[in-house]
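Take a look at the structure set out below.
Order of writing sets the chain letters: A, B, C, D, E and F. Residues in each chain are counted from 1.
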Amino acid sequence: MEGTTTETSKLEQLWNMTAISDVTWQMMVMWAVIAVLFYLAVYRKFEPLLLIPIAFGALLANLPTQGLVNLPHGDHAGGLYYYISLGIEYEIFPPLIFLGVGALTDFGPLIANPRTLLLGAAAQFGVFATFLGASAIGFSPEQAAAIGIIGGADGPTSIFLANKLAPELLAPIAVAAYSYMALVPMLQPPVMRALTTEAERKIRMKSLREVSRLEKLIFSGMVTIVVILLVPAAAALIGMLMLGNFLRESLVADRLVKAAQNELINVVTIFLGTSVGITMTGEAFLNASTLKILSLGVVAFGIATACGILMAKLMNVFSKNKINPLIGSAGVSAVPMAARVSQVEGQRADPGNFLLMHAMGPNVAGVIGTAVVAGYFIAWFGN
Amino acid sequence: MFENLELIGTGFAVVMTVLASIWGTCALVGAIFIRATRKATEPVAELAKVPPKPQVASGVPPHHMAAIAAAVEEFLGAGYRVTRVAAPSHQVSEWPTEGRKETFSSRRIRTDWGPTRPTLGGETPNILRGQQK
Amino acid sequence: MFENLELIGTGFAVVMTVLASIWGTCALVGAIFIRATRKATEPVAELAKVPPKPQVASGVPPHHMAAIAAAVEEFLGAGYRVTRVAAPSHQVSEWPTEGRKETFSSRRIRTDWGPTRPTLGGETPNILRGQQK
Amino acid sequence: MEGTTTETSKLEQLWNMTAISDVTWQMMVMWAVIAVLFYLAVYRKFEPLLLIPIAFGALLANLPTQGLVNLPHGDHAGGLYYYISLGIEYEIFPPLIFLGVGALTDFGPLIANPRTLLLGAAAQFGVFATFLGASAIGFSPEQAAAIGIIGGADGPTSIFLANKLAPELLAPIAVAAYSYMALVPMLQPPVMRALTTEAERKIRMKSLREVSRLEKLIFSGMVTIVVILLVPAAAALIGMLMLGNFLRESLVADRLVKAAQNELINVVTIFLGTSVGITMTGEAFLNASTLKILSLGVVAFGIATACGILMAKLMNVFSKNKINPLIGSAGVSAVPMAARVSQVEGQRADPGNFLLMHAMGPNVAGVIGTAVVAGYFIAWFGN
Amino acid sequence: MFENLELIGTGFAVVMTVLASIWGTCALVGAIFIRATRKATEPVAELAKVPPKPQVASGVPPHHMAAIAAAVEEFLGAGYRVTRVAAPSHQVSEWPTEGRKETFSSRRIRTDWGPTRPTLGGETPNILRGQQK
Amino acid sequence: MEGTTTETSKLEQLWNMTAISDVTWQMMVMWAVIAVLFYLAVYRKFEPLLLIPIAFGALLANLPTQGLVNLPHGDHAGGLYYYISLGIEYEIFPPLIFLGVGALTDFGPLIANPRTLLLGAAAQFGVFATFLGASAIGFSPEQAAAIGIIGGADGPTSIFLANKLAPELLAPIAVAAYSYMALVPMLQPPVMRALTTEAERKIRMKSLREVSRLEKLIFSGMVTIVVILLVPAAAALIGMLMLGNFLRESLVADRLVKAAQNELINVVTIFLGTSVGITMTGEAFLNASTLKILSLGVVAFGIATACGILMAKLMNVFSKNKINPLIGSAGVSAVPMAARVSQVEGQRADPGNFLLMHAMGPNVAGVIGTAVVAGYFIAWFGN
């Protein structure tokens, strides 16, 4: 670069410095997609804490950046997101989010009425049905599994599994998972009303017993042991979830609980969201697969909702203490939105009926259930 | 396709098995706790015929709540309602650093307003003690 | 040296170009917004001849401010002035975990003072519910 | 995995997916040990902020997990704790904890009465005596040093040294260190009463002078320089401790002090605790060494307490301003528990005697002293 | 064994040396400070014969403390004692971002309650300024 | 180390354990320099949040430490700051700081009066003039660029560029940047008064219009796109700055904004500061280059201030709405100190004139401008 370069070549170099010539039509289409995501996140409040970072990451992915995502070579450092994304590639961020989720979750309603675990299990059928559909329309089994898990309505679990089985689909799967979680109040009610009678929706459930600290602590430990013994590949997710919950319920580690609920989860969320978004390049996102995944995601949510409700109705056949089938839909997780939907639909039928706490049982059971399914897929595909 | 059905069949079975196992264990543990609670409360039920001595209510007493609500209404007008009166959930642990904080936080001061904690003797302490270079 | 002057010339041109581009875009966007605002306020301007009905002032009403200031002066003496009365800027988002926190924070209690949130029925709740082992 | 596998092999595979067959008797014994640790941490409040993460990590270590601790191989990422544990292996977490400890510690009482540094020094004799004992019963010199440091009653220092000299003993050493720190109110008083007369326990000490900001800042810098010059291997611990303290005493870096006192120390504590716990496998923990270490730990605390008291009595021989020997026991650190024990014992002899602030001097001196000993061991063993 | 005794001997010597060095330095520095303080206070001592003018007490004045305590007792009953009246220890630094925060925090608003800071003119500001749309 | 070593060699080894013999005269000179930095940071409040960590890091760098900065070799871990400094070497810390800065910055005044972007651009001429001067007195072009950026008055940008183009000058450049930022209230007023008339200083500017949330969000996205298209090498800095700002202005991601403004920026600041300081060894700092850099830094600030003012005067020639030239000086950034200086100087001429909000426009424009210049240098030198 010493003096011998001519004026012309310098100007050329200057033009080459800019990256306007590197803009592709895919990028420009993606800008429109990103604008829609921003609109949904900011003005419609679709899970803004994750969709904003994802969409901003996608914006960076669809600009001709330098030094942001490049691999390190020789003495040169890699780009910023080469390093931050390692948190996803090494599967560190989702378990850390689960640590915070555990510190924020009260399993009391589930412990008081453990039957509702079956509702959380039933809702996982949506995952498998979607897996079948995705296989049928041409996705590989691994990809189909990662797509199916969208029906589990757990963002971190979806990202965890997609990174492991189908990293090339990470972005559309994450976007679908978080978008549909935000859409739960619109997606679920039609299914719920179609599958229940007026009388069923009016069922009042008896109030939940109190659960002591010791029982909650035993629950944390017991779930850890049972799940890991039966599905050891779910260890990272369930282990961190229950560590967070144990700290929370111990009542003697407040400093750590607050750190897990706030500092850790917030910082990791920024990194996780942008890392997911930055995989959302035009080439990876603008293709038929993405549309298929988005369609399959809706199907997954619908089937999961239906299965939860049908399981509740099935259980009522065998049980004296009737379950209001509206809480079955909460088994998809999407905590606590799905439980609120149950509450709202219940009050629509009977304004004096309070289903919220009853719905929290299947709701948090769905989190455990989806983590189990993820572990099962990982084990099946031999990862 | 057969492969997939097999995957689904076993998979759903696994999920049901795992969550049913948790249900079973949970119900078992719960039964023990419920029985323990019942035993603990039964003698109390017998004693309940004797009029219980008025207890110190845990929580903010209702008349305090009313007083607080009235004060707030006085100040901010009728449009405001008190929806929550809460104690901080902080629980001091025995961890060394937590103790250090408790013991020594008085050293970090804002020199122009007031003491960060009162002295044992009760007099207003010289908050600039040791900070005036 | 010539090399350096070239670097400087192009460099300063680049900076001016970039920031001028932002200026241009910004001015364009701003013009659209200003026009939109004007359109939105013009009908209001016409209506303004009719005396507007007294609005509920957003923000702390001035007389409350005065009351707060007076109370503070009463307490702390004339040397203190109220420079800020603010609402917390917290906005609850719809994020699951935020919701979880909202729904369940009642479980984390400080057992010796009061309830962390009032019950729906209004009675003072038993705050030790589920915590006494 | 494409179609050719038979039904039988699939079922076998399914069974192999579960890990019930991998449970060993050692694991089950460890579950009992872990239950005891949980009990001590939650219900007896034995340093719960560290013992809960350690015990939960131990639970994960004694379950047949997958994808939690495995090394990376080829394209596959390592387990979550493969990455998190690097913070211990690379010796990053203990100095960061010390940064927070420095930001939480007031060295004022020590500066006002610097004689008490000798009490903090004397208590380190417990470390050396235990080293001798551990060597005598068959531990290698490196192991004996790591075991001896338990007597210093400083968790992060113990973990730091154990990782360097005897990583195979990390778990029992950490458990012993934190358990005995919690037991200080039970371990120390008998020794204190045995070695002091009623008259000595009633000694009142003259109140401490005020220490200015400048003097505290000079102290931070001076300790950094003196310790690193004399024992350069203690640089990481003492450097971070004094950085935190300098920030604290500067009074102009509040944001950073709060970050060190809260965000940083809390998040690192979760990671440190679980990383230690996850080394606590049955094979590593259930052997004679662990019992020996636990026994030696008690001895270490006892000797350290005694030496602190005896040094105070020795100093009284040569000094006009008498020292209440009860503050000598605070030299073991275990901040601020040991200082509180001095206070309580002092008031038992004379209810009007306030020893707390006087005891804080040797108490924080003990932290410096133990870091010096750790540096000395590292240098000696040529690491 | 001899090796070990040597390690212990030198080791304990090292610890004593290091902490004694700190003691020495500390005592030296302390002596300078004590002398400086004494010099600074001596002239004051001479002046002390003249009755000093009443100082504005730093810290919360005792009678305010009493008032606060009385108010608390009124509200919560005799069982509660005021153990701490403290000013926040926050000290604004000159760091750019801290300044940014101070200057601009008004932009983050909660639109349904009140202004986050009063305007210079004193009137209640329109807190929805720039946020409606 | 087993028994065969003689007494003498042990004593020698003991002496070798201490590091008093390793103290060099450069170290002792540096101790004096560090004392000055501490004084400036603590008692003169020169950017204490960065200068204290830098100075403390420098203290550690100028002591004969062990295990603090060494490279890993074989099985032995590297020193603590070998790992922490990777955050600078891999260019992770400065963009993270910018994330927090974006979350703390309100671009409203700039959006309301976008003309002031030109003032922020003009101030960058100081960077180029200093580059020319630095080249003239013998620095390599890369070094000269890194030195010139001091005139941009943006600490993280300076560290980012210095690490990329001239890592050997990182310490003096960072010290100069932060010191002169703190000196803005002394450096700028003489230049401002010299270049403006009394009448100009009395110009009152019309009050700024209100800027809506949507407009601010569009601004964030638009700046990201424009800057990255024209100067792609600025992507990491501008991308993170605008991500933080978008989160802030969205008003729906409060948790994340607070994490970026507090937890993240505070912890990273401690690490960034000490990592910079630890490069400040005597050999690297005590030479003619440092003095030259410090001198060039003053020149850079002076020229940048002058160019901002002159650009304002130039714009007044062509514009009806006159700009008070005093706000031109705020284009150097040093947010928000330079804007306050404009306010103070304005009120000195006319006590009823409030320039603060007007000066915030060029002030934040200067942040963008300096990031653009940094990207330009990186692209030019082909990194």
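Things worth noting here:
One rule holds for everything that comes next: contacts are C-beta pairs under 8 Å (C-beta built on N, C-alpha and C of every residue); 3 or more make two chains touch, one makes a residue touch a chain.
Since this is a predicted model, take the numbers as computed values, not measurements.
Chain centres computed from CA atoms place E at the largest separation from subunit A.
A centroid comparison over C-alpha atoms places D as the chain most distant from subunit C. Subunit C and subunit E have Cα centroids lying 28 Å from one another. Distance between subunit C and subunit D, defined via averaged C-alpha coordinates, is recorded as 44 Å. Touching of two or more other chains is recorded for residues 1, 17, 45, 48-49, 141, 211-212, 214, 230-231, 251-255, 263, 376, 380 of subunit F. Counting only residues that touch two or more partner chains, subunit E has 3, 14, 61, 89-91, 93, 95, 98, 108-109.
Here subunit C touches subunit F in the complex through residues 1, 3-5, 7-8, 11-12, 14-23, 25-27, 29-30, 33-34, 89-91, 93, 95, 98, going by the rule given at the top. The touching residues of subunit D, counted against subunit F in their complex, run 89-92, 95, 99, 141, 217, 221, 224-225, 228-233, 235-236, 239-240, 242-243, 246-247, 250-253, 255-256, 258-260, 263-264, 376, 378-383. The part of subunit D that touches subunit A in the complex is made up of residues 1, 17-20, 22-23, 31, 38, 41-42, 45, 48-49, 52-53, 56, 59-60, 63-68, 72, 76-80, 83-84, 262-263, 266-267, 269-270, 274. Interface residues of subunit F facing subunit C in the complex, by the touch rule stated above, are 110-112, 114-115, 117-118, 120-121, 124-125, 128-129, 131-132, 135-136, 141, 144, 209, 211-212, 214-215, 218-219, 222-223, 226-227, 230-231, 251-255, 365, 368-369, 372-373, 376-377, 380.
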